[in-house]
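Heads up: the structure comes next, in structure tokens.
Labels run A, B, C and D following the written order; every chain starts at residue 1.
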Amino acid sequence: MRTAIVGASGYTGAELVRIIARHPNLTISALAADRNAGREFHEVFPAYRNLDLPPLKKFQDLDMSAVDLAFCALPHGTSQEVVAELAKSVPVIDLSADFRLRDPGAYENWYGLPHSQIKLQQQAVYGLTEFYREQIAQTRLVACTGCNAAAGLYALIPLVAEGAIDLDRIVIDLKTGVSGAGRSPKETSLFAEVAEGFQAYSVAAHRHMAEFDQELARFAERKVHVTFVPHLLPQNRGILATIYVVGDSAAIHRTLSERYADEHFLTVLPLGSHPSTRHVRGSNFVHIGVVPDRRSGHAIIFSALDNLTKGSSGQAVQNANVMLGLSETAGLEFLPVVP
Amino acid sequence: MRTAIVGASGYTGAELVRIIARHPNLTISALAADRNAGREFHEVFPAYRNLDLPPLKKFQDLDMSAVDLAFCALPHGTSQEVVAELAKSVPVIDLSADFRLRDPGAYENWYGLPHSQIKLQQQAVYGLTEFYREQIAQTRLVACTGCNAAAGLYALIPLVAEGAIDLDRIVIDLKTGVSGAGRSPKETSLFAEVAEGFQAYSVAAHRHMAEFDQELARFAERKVHVTFVPHLLPQNRGILATIYVVGDSAAIHRTLSERYADEHFLTVLPLGSHPSTRHVRGSNFVHIGVVPDRRSGHAIIFSALDNLTKGSSGQAVQNANVMLGLSETAGLEFLPVVP
Amino acid sequence: MRTAIVGASGYTGAELVRIIARHPNLTISALAADRNAGREFHEVFPAYRNLDLPPLKKFQDLDMSAVDLAFCALPHGTSQEVVAELAKSVPVIDLSADFRLRDPGAYENWYGLPHSQIKLQQQAVYGLTEFYREQIAQTRLVACTGCNAAAGLYALIPLVAEGAIDLDRIVIDLKTGVSGAGRSPKETSLFAEVAEGFQAYSVAAHRHMAEFDQELARFAERKVHVTFVPHLLPQNRGILATIYVVGDSAAIHRTLSERYADEHFLTVLPLGSHPSTRHVRGSNFVHIGVVPDRRSGHAIIFSALDNLTKGSSGQAVQNANVMLGLSETAGLEFLPVVP
Amino acid sequence: MRTAIVGASGYTGAELVRIIARHPNLTISALAADRNAGREFHEVFPAYRNLDLPPLKKFQDLDMSAVDLAFCALPHGTSQEVVAELAKSVPVIDLSADFRLRDPGAYENWYGLPHSQIKLQQQAVYGLTEFYREQIAQTRLVACTGCNAAAGLYALIPLVAEGAIDLDRIVIDLKTGVSGAGRSPKETSLFAEVAEGFQAYSVAAHRHMAEFDQELARFAERKVHVTFVPHLLPQNRGILATIYVVGDSAAIHRTLSERYADEHFLTVLPLGSHPSTRHVRGSNFVHIGVVPDRRSGHAIIFSALDNLTKGSSGQAVQNANVMLGLSETAGLEFLPVVP
């Protein structure tokens, strides 16, 4: 199956290339990157010099007739028009935030601009594969989850669905690597502004909170308002969510273990163990741990994933596999890189 | 005033040297470091080659008659005997955990060994200067607070004392730099085990929790059991505590601002702002921020300090200043190093 | 083909597992790790929790009858006896320094202990695959090159063989990531001793210099004494060698380009370009660049590889492929991880 | 003495604030930062929240009548006009490259634009304090050296002046921390582009080479063309120059030791020792080491300094002290921060 990658010169674009170039069933037939149009991909990412890839083009110059599925890895806002255009000819996997929120009003609230593709929005399936597998198999537009949202939702959805925790007392303290901020030059992403420092950002106001609201409400069948504080880690990749809940730790652990027993990419560690981002770095795995608090009836849940892989591009390929009827794990078996 | 530093070859020992060597009223008259006895200090820390320092000796070879005050920067457990010996001749500032807990039973519970200096323990004053100033001025033994405990207590003590927050719903999610683990070789402190990775440690079981229990109970006048999860940051210095509380954010901010209005080293940021460890790195300052959660009646408090400075050696010198009747800020005005 | 990994709990052992677990023709049938015998591999490296691996055993408890080839990833000195024992039953790939030097006197000089397996030494083939392919295919013992030596030799061997540079004026300034120092706890490998600092080590005295002496002399057919200074980088993986030579840069570039035109893992960048360790991280590729100095007749050559992959475990698997008659690139096509 | 800092919102500007705020004889009377005019300095650098500083203004709004000396920390090119304006009223210390090269033609060659202040250029003194002390004391314009140039020149000037090394065989392999690239957002300075990677930049073409050419020729009394390759380190601060020379290591060591015997900020380590950037981090010290190569008649010289301190802002204050007739070390005695 031939794929196109639109927005190929960002980090999620490069991660798509890394994965698809070794995928047994997918090939890369077209690459778009507006600012870098006319260059070879390896001029933008010299790490992939050894690959035989099509040149970077402007989006409008892509030949979509030679493509079976498109990945769109553009920033939110700019994605809408491009996805709409792509969706006319091929199934689309969008890695941006533009089609994640089912409610256009919520989109406008959180992202500060009206949604221009409301009809298309209604067809989009939220890309958390393990919970939307059947719908993904039948749609032509998947909206991949936010990387932070994915880390939290994997830990929480089974628990809110089963009523295993107090829905009004959920605190998500999340830490994420810098690559999540993308490759565009910003003062806050400079090495000298990040290394040897640590702080929160978008405190209690991060846009991925809209995904928590939407998905937790859906599975809890009532409103759920988490407290959510993300922090920026001085490292390239990796998200660790530390989640404080009120509930029985053994029941929580059992609920998660049972729910994910057959999920290839989701590992629930033994009760009392907790994960590190280094244990999933560069892979499509999620490691979840549950540790009882010393106060009985309270528990701490940890969820670790790689923001560029399971948090975006690996997830995207997993969804593509489902959409295209391939083995869901195809091309995603590469292991974490340690150290 | 002449000081001795016992345990000079660890990171807190080196930080004491960095501070005292430029202190207007203190000098370094004796340095003890058992394993490195016989060497020059700059052989162990070449950064301090330009200083004129006494050679490293074994503790028992120190001439305490030429010393006015001693700092003891040994690991817990080994400190007790040494502090007892030092205390016979001079006032002592202990940077270990050995004399922090007033209840010897609590010490035995948390540290796994009986306390051998129970009488001396009863004279020890907890070294959180801003709350124990008067007692510090009158004692001969100060037990400096744990670095993690300091970060949390500065944010919490005024609030529990004033009843500004729900005492049963305090969650402390703390992140600390690697230097807090000390200089002894351990696999978990290796660069290749820490860099590009992030995880919690001692989840809900860290020994500094005993200090939270002790101090919060004292100021709240009832038991307070926080949930406390520390994490290891891939950076050398700095602690950020993110504290989730139930209470009115404006009242919380006002309480902290008023309490610390006259405290030189404690800065409460404007309501809604939050600190970074990089803003206090290498300095004796603490930055505290209060941000309202989107759920009214909930707030997030951030507390940032440098674990080696305000978290241990800077705090120790501040306490020494108080004990010796010097200006409390003497020698501690050096600024953060950015970047 | 079934393989055994002896010394599986170090970084090169883990990298062998990462590679072989996804190798199309090799399986892992036995794992030895003396200190960790009795544990599961994923207890030592939780990143590999999802693999189905044999338990860690003591070396002497391995059943070699079920093994077709053994990798030995022990420290130098301890390898000799183990390799001798392994070699009785299976072909062996040794990742240590013990069998790299053909001259036992050189071994004793550089490593400070006499060689105990002189006869076996004589059969060992130096594991720089691209230069010893035929001998590797026919031997039962391959001694993988040192990671630093590999970085330098790939740049230099074609040039000294062709007489393209002045043999008496070669300066190798090399920088290597921390994982090259291994996983055993040492003060100099601590995060707080490495991060935010940079320095040389083993200046003009590093043991890999013995490999430069041996191999450059062989290909130059005369003695060649390089100046060699390695430095320790604050990063996990990657080696960059910056090599200063006297010779015509265009001729140097042409010589290298021609020599490596058909070598899958060796890429010579366009004249004037130079590589980064990040472009080969986690992969088996080597990137080589040649840049003319402003002084005509002088050139700078850069060579970048991943010390754990092409510098040791990837190289080892490449050699195993050759020994076993498999495709040389089998299992080694995984791409660099960026960022 | 009252000072102004123009270009206060960059890293060298912040480092000037850090130093001057604690200087016994200097005060900060004016701060200019065009883009940030109207803000408080601590809004740009929250680390300096505790200082009482004037607000940031546009350059043209500064009241120079209340200033005794100005520091100009603007990028090259933009500095010329500003320095010319400042120089009308006060002595000026320029931290940019604009007045370093005595030959306007060389400036135009290396920086790609004609010099607009040729007359002022002729009065400028090169700011390498230890070699231009007397001229600095008498001029009204000091052009601080480039940070990379400083690292190399401290090691080389005494040797070329004394003829202790072969002038035609000097190789400078230099590694520098990221803060040297400044605070403006550039893709190449992003955390995710720098961390866990290492590469050279401006190979054999870096502009600081013009300073080597100028200064080495002056002290050698003939042309000297070094080979110079800088590399970018994944760390905030610090430069290490590794310099390969032909000459007798003992004579080299003796020459440097004698030359710097009375220089407060320059330390020559014992023969055979070599420095780390971590040993000078955050300080105004330079550590120089000489190690004999195994090839007799060849030596390796190491020079380590902090690019923001001795490499720019500390050097600038040292020059200000000289210009103003203060003690040369005033305000510069702060020690390295370790770790």
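Here is the rule we use: a contact is a pair of C-beta atoms (placed from the backbone, for glycine too) under 8 Å apart; a residue touches a chain by one contact, two chains touch by 3 or more.
What you see is a predicted model; the values in this text were computed from it and never measured.
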Most distant chain from subunit C by Cα centroid: B
Contact-richer chain pair [A-B vs A-C]: A-B
Length of the line joining the C-alpha centres of subunit A and subunit C, rounded to whole Å: 36
Approximate Å spacing (C-alpha centroids) for the pair subunit A, subunit D: 44
Subunit A and subunit B, separation of their C-alpha mean positions in angstrom: 39
Interface hub residues of subunit A, defined as touching at least two other chains: 11, 179, 192-193, 195-196, 234-237, 275-276, 278-279, 281, 339
Residues of subunit C that touch subunit B when the two form their complex: 11, 178-179, 181, 183-187, 189-196, 234-236
Contact set on subunit D toward subunit C in their complex: 169, 171, 173, 175, 192-193, 195-200, 203-205, 209, 225, 227, 229, 231, 233-238, 240, 242, 244, 274-279, 281, 291-295, 298, 300, 302, 304, 339
Contact set on subunit C toward subunit A in their complex: 11, 14-15, 18, 21-22, 45-51, 179, 195-196, 236-237, 267, 269, 275-276, 278-283, 285, 287, 333-339
